[in-house]
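Residue numbering begins at 1 within each chain, and the chains themselves are lettered A, B, C and D in the order written.
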Amino acid sequence: MKGSDRLAFPFLGGLGLLIALPALAAAALAFTEYSGLGAPRFVGIDNFERLIGDSGFREALGNSGLYVLMSVPLRVAAMVGCALLLHRRARGSGAARAAVYMPTVVPDAAYALLWLWLLNPLYGPVAGIAAALGADTPSLLTDPWGARLAIVMMGVFQIGEGFVIALAARRSLPGALYDSASVDGASGWFVTRKVTLPMMAPVILLLAARDVVLALQTSFVPALFLTDGGPRRATTYLSLFAYRQAFRYFKLGYASAIAVSMFVITALAIYAQYRVAKRYRLLG
Amino acid sequence: MEGLTKSYSRSVPPALREVSFELTEGELLVVVGPSGSGKSTLLRCIAGLEAPDRGSVHIGNRDVTSLPPGARDVAMVFQEHALYPHMTISANIAFPLLARKTPRDEVDSAVREAAAMLDLVGVLDRHPGQLSGGERRRVSLARAVVREPAVFLMDEPLASLDVSLRLKIRTEIKRMHAQLGVATIYVTHDQVEAMTLGHRIVVLKDGAVEQTGTPTDLYDRPANVFVAGFLGRFPINLFDEKAMTLPSGTAILGVRPENTELTQPGAGSVSGHVIEIDRLGSESVVTVQGEAFLARALVGSGEEPETGTEVGLAFAEPAVHAFDPSDRRIG
Amino acid sequence: MKGSDRLAFPFLGGLGLLIALPALAAAALAFTEYSGLGAPRFVGIDNFERLIGDSGFREALGNSGLYVLMSVPLRVAAMVGCALLLHRRARGSGAARAAVYMPTVVPDAAYALLWLWLLNPLYGPVAGIAAALGADTPSLLTDPWGARLAIVMMGVFQIGEGFVIALAARRSLPGALYDSASVDGASGWFVTRKVTLPMMAPVILLLAARDVVLALQTSFVPALFLTDGGPRRATTYLSLFAYRQAFRYFKLGYASAIAVSMFVITALAIYAQYRVAKRYRLLG
Amino acid sequence: MEGLTKSYSRSVPPALREVSFELTEGELLVVVGPSGSGKSTLLRCIAGLEAPDRGSVHIGNRDVTSLPPGARDVAMVFQEHALYPHMTISANIAFPLLARKTPRDEVDSAVREAAAMLDLVGVLDRHPGQLSGGERRRVSLARAVVREPAVFLMDEPLASLDVSLRLKIRTEIKRMHAQLGVATIYVTHDQVEAMTLGHRIVVLKDGAVEQTGTPTDLYDRPANVFVAGFLGRFPINLFDEKAMTLPSGTAILGVRPENTELTQPGAGSVSGHVIEIDRLGSESVVTVQGEAFLARALVGSGEEPETGTEVGLAFAEPAVHAFDPSDRRIG
């Protein structure tokens, strides 16, 4: 059995070569000017100095921060809430679990189209319902805060993988604890508050840390599809900002500097996740 | 608390078939049976954790059949200790009271009292993970005690403990029951626990009651072959008509190893060869193979015959149990 | 406890309203001509007829199919392989597990930049290594098959979540089976072949089915970033094709028809996943 | 197979401290001790699943200390049945042979033989999930038998079975051992299993050997208070100088309940009040509380005094065990 450990080294060596070393090299690009055509030209910390002074970058950082603050609590609450409501093996709960999972695996393009139509101010059902209730047509995609909210809402329904993790965590709690609480006359809400949530705390923290990391990724596609970073750059997140610098303006060196800053944020979030996992002995 | 009746059947598989019994005030009733006999299902029906298909459960004068578990005024001790790992021992014991919104000072004094009774005062601030198996078991007893319920339900509370702890906690439960005098239903698969703890014993098999009575009743006058074989230190010796001449109307004769004596070959009721000797210390079990039977006799240490010897087996009359062809006791 | 079931209905009702009904309505869009500005105009099955005749759609379907065939076996093998190599709680294995997980959580934009540099035919390390070995410069991003391969390679390193699932599955196998096999003198490879892989079969099938669904999604961002669907449309996958129809040419009705076809494929993959899960009692 | 010696210590916590013993050909040696005494660690070191910090393991003439488990020619039966759930019973039994690349026809005949021996011929095509607990246990025995190893190692093979099955499989193991004559090390925490199965018994406590000997040796002449208390049906009665006058040099006197007789108050060595009676059927345990002791006596059914009566306790001389202040047996 020990032999298989030895097999791990070439693989990890390959992984190191293919990912870690180039990542360092890519980080080195952040100290160059590079258009993708000629050779990179070393410029020292110019890119980072420019970043600090770049109001576009600060705006993107702020937008990403806002997205995390709005999205993560809602998404984690939805994951855990659905898991608590649907963990029982009851009639129809299989279908309900599939319904919660479904939006996550709908192709991104189809999902974005759906929301584009949902939020259409003239013909969409959201506008239609608002009109039927006599309210003003909500200007979700044309108002900066409306657009931010719309992208957060899109994310709240794509919680499939986190939902499955929360479901597994809920199911691993011993049934005898709930039988005992039930005989003791505890109400459902009392048990949720005093038993379920505290016992799921490590998983909830882990889901939150994971979601912070994912937020930097998941905000990209909807912003690109639905709002194109607007209105008034309200949904130009860090990932979209880096994408534009690299693939619209071909400032690859500058884009690398942005990527490095994103990587630092990700690394901090992963470190937090690791500490949480370690503290609650979820990892070896 | 006046009595408790319960009778119902469940379909496919019928885990319980028309089980009925009463529990009188302050009694310790043991329900015993092999695994799969429906003991735990019965207890869960009484607690309200499962709903019977038919039949009813009464506690005192109330019909509680359709009440939720929390409204039945029972406390249950589970086979797994079922302690909340994230709470301190004191919070664990307080849980049933806090769940019912008992005022804080009442809770404190009740927890202190229960902890004192089960010798847990020193560990109140620890967490369950820091306790030994025996301490955890005592905490789950304390949590049941703290509520002062009308009935205690205990589902194999000793099953997960090792042999030496089992005896200790058994004594603890006996003492606790004597002190509180709360009617208790205690479920176990272990006949020794049943014999030593129960005021009365209900023997369950395949979801049906085989016999109900005091330990002495059941041991001295088992109603059928199953009860005769289930209670007792060793499997009972059974003889059918192929093994020996039986009184008319008798289909099977049962004699416990402790009532079976070794004699000279031919002198007893049957005879055979000694094939095995299990030495237990002060006594030994001698296994005798006859032409149409296998039987065991308990003899004192030093009185064992050699393996291979031919011996007779004699039975003292009052300890011989006769059963008719429909498996009912004769006499 | 039963009370919490009743709470499930409003939530699921909301989910139904927000996702299922609009999804049907969005599907209805597939039967219209719609530019996102005027009202949709009903055109019957015209869009689907056009789809069948559209060589661009067939090409995209073929590209997505090829991607699944190349990517899924490699990714699942990598997930399971890493899980088997790294499941033990040994010194350094925590760091190794983090290394396997890392590429998955690197921001997509940063990850794409890294690969763009890795594969740069003039200055990238892959070209450099090839040159050092005296080989021709590999034309990974300019050759159709090279580009397809590059995007598959990018995906093979982003296996974090599947790796964690495989790791959990491997860890849930009872240690006594391995102790017993070890005393019986079975070699590591014999045990892997006869015990570990058969016992993990349900999870492996599940991972594969999940990956087919994800493949339709994960191929989008790299194709957009790295190859822009080229060269010669070799990496124009279904998702990218739908995106272009919708957001470049504003043919939203036609894009909806493509989305519906993607949804049908996804639904079939989910159904297969459900059957596998049901068969092996992984779901309630 | 000539002998097996083993002695080592492990650091922090020292699971085993200088454990040594030999196993002679064909012997069934039982290692017994409470949970946490290092029994399983010992067995795993012998099997090669764990490496000792110091000391060596010899099987026959070979020093196997640094050999991997598969090269030691031992077969092990685990506490959990450890069957492969996705394989048929016949594939499970064949596994150790296939792992060693045995030719297919040899494998077939060996599986048939092992299955016949353990009465598993009818279930060879089923999967473990379709078998009862007893059948699964027999399959794991068959898988050990099929290899014809030099030594069998059994790690609490009966612990996960319920009481009635335990007796059955114990008899099976005894028969199997008699038939094959393969040297066996059998680990258990249950003293009854140890007494009835073992040719010799090693008593382990906190990783150290307390005593080694035949069951009769250990029961009749326990080396210290721990062994005296661990073996035997009931906890042994212990008396120190506060309870009664002891012979000079003696710190503690131990007498088993089965050697303790009830007498008139004052007539025995000590006296006290009856506080509890446990009726076991043909006999009862009477618990007596004295001024500085708590003791039990075993009496026949019908000979029990009333609770509260004052009684004396008398001990028959050869069954009294005396221990000196350093916990060593006197005489």
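Simple rule for what comes next: contacts are C-beta pairs under 8 Å (C-beta built on N, C-alpha and C of every residue); 3 or more make two chains touch, one makes a residue touch a chain.
These numbers were taken from a predicted model, which means no experiment stands behind them.
Colleague: Taking the mean of the C-alpha atoms as each chain's centre, how many Å separate subunit A from subunit B?
Modeller: From the centre of subunit A to the centre of subunit B is 56 Å.
Colleague: In angstrom, rounded to a whole number, how far apart do the mean CA points of subunit B and subunit D lie?
Modeller: 25
Colleague: Calculate how many whole Å lie between the centre of subunit A and the centre of subunit C, each centre taken as the average of the chain's C-alpha atoms.
Modeller: Those two chain centres are 17 Å apart.
Colleague: Which residues does subunit A have that touch at least 2 chains other than itself?
Modeller: 182, 187
Colleague: Indicate the residues of subunit D shared as contacts by at least two other chains.
Modeller: none
Colleague: Quick check of your reading of the touch definition: is the inter-chain graph here a line, ring, star, complete or other?
Modeller: Topology of touching chains reads as a ring, each chain with two neighbours.
Colleague: Which two-chain combinations touch?
Modeller: Touch list across chains, by label: A-B, A-C, B-D, C-D.
Colleague: Considering only the defined contacts, which subunit B positions touch subunit D in the complex?
Modeller: Counting only subunit B, the residues touching subunit D are 34-35, 162-164, 167, 174, 189-192, 195-196, 215-216, 219-220, 231-233, 235, 256, 258-259, 276, 278-283, 285, 319.
Colleague: Would you mind writing out the residues of subunit A in touch with subunit B in their complex?
Modeller: 174, 176-177, 179-187, 190, 194-195, 198-199, 201
Colleague: Write out the stretch or stretches of subunit C touching subunit A in their complex.
Modeller: For this pair, the touching residues of subunit C are 1-5, 7-8, 11-12, 15-16, 18-23, 25-26, 29, 36, 39-40, 81-82, 84-86, 88-90, 93-94, 96-100, 102-103, 105-110, 113-114, 116-118, 120, 122-123, 125, 157, 161, 178, 182, 187-188, 191-192, 213-214, 216-217, 220-221, 225, 238-240, 242-243, 246-247, 252, 255-256, 258-260, 262-263, 266, 270, 274, 283-284.
Colleague: For the complex, give me every residue of subunit B touching subunit A.
Modeller: 44, 47-49, 68-72, 74-76, 78-80, 82, 84-87, 95-96, 98-100, 143, 147, 153
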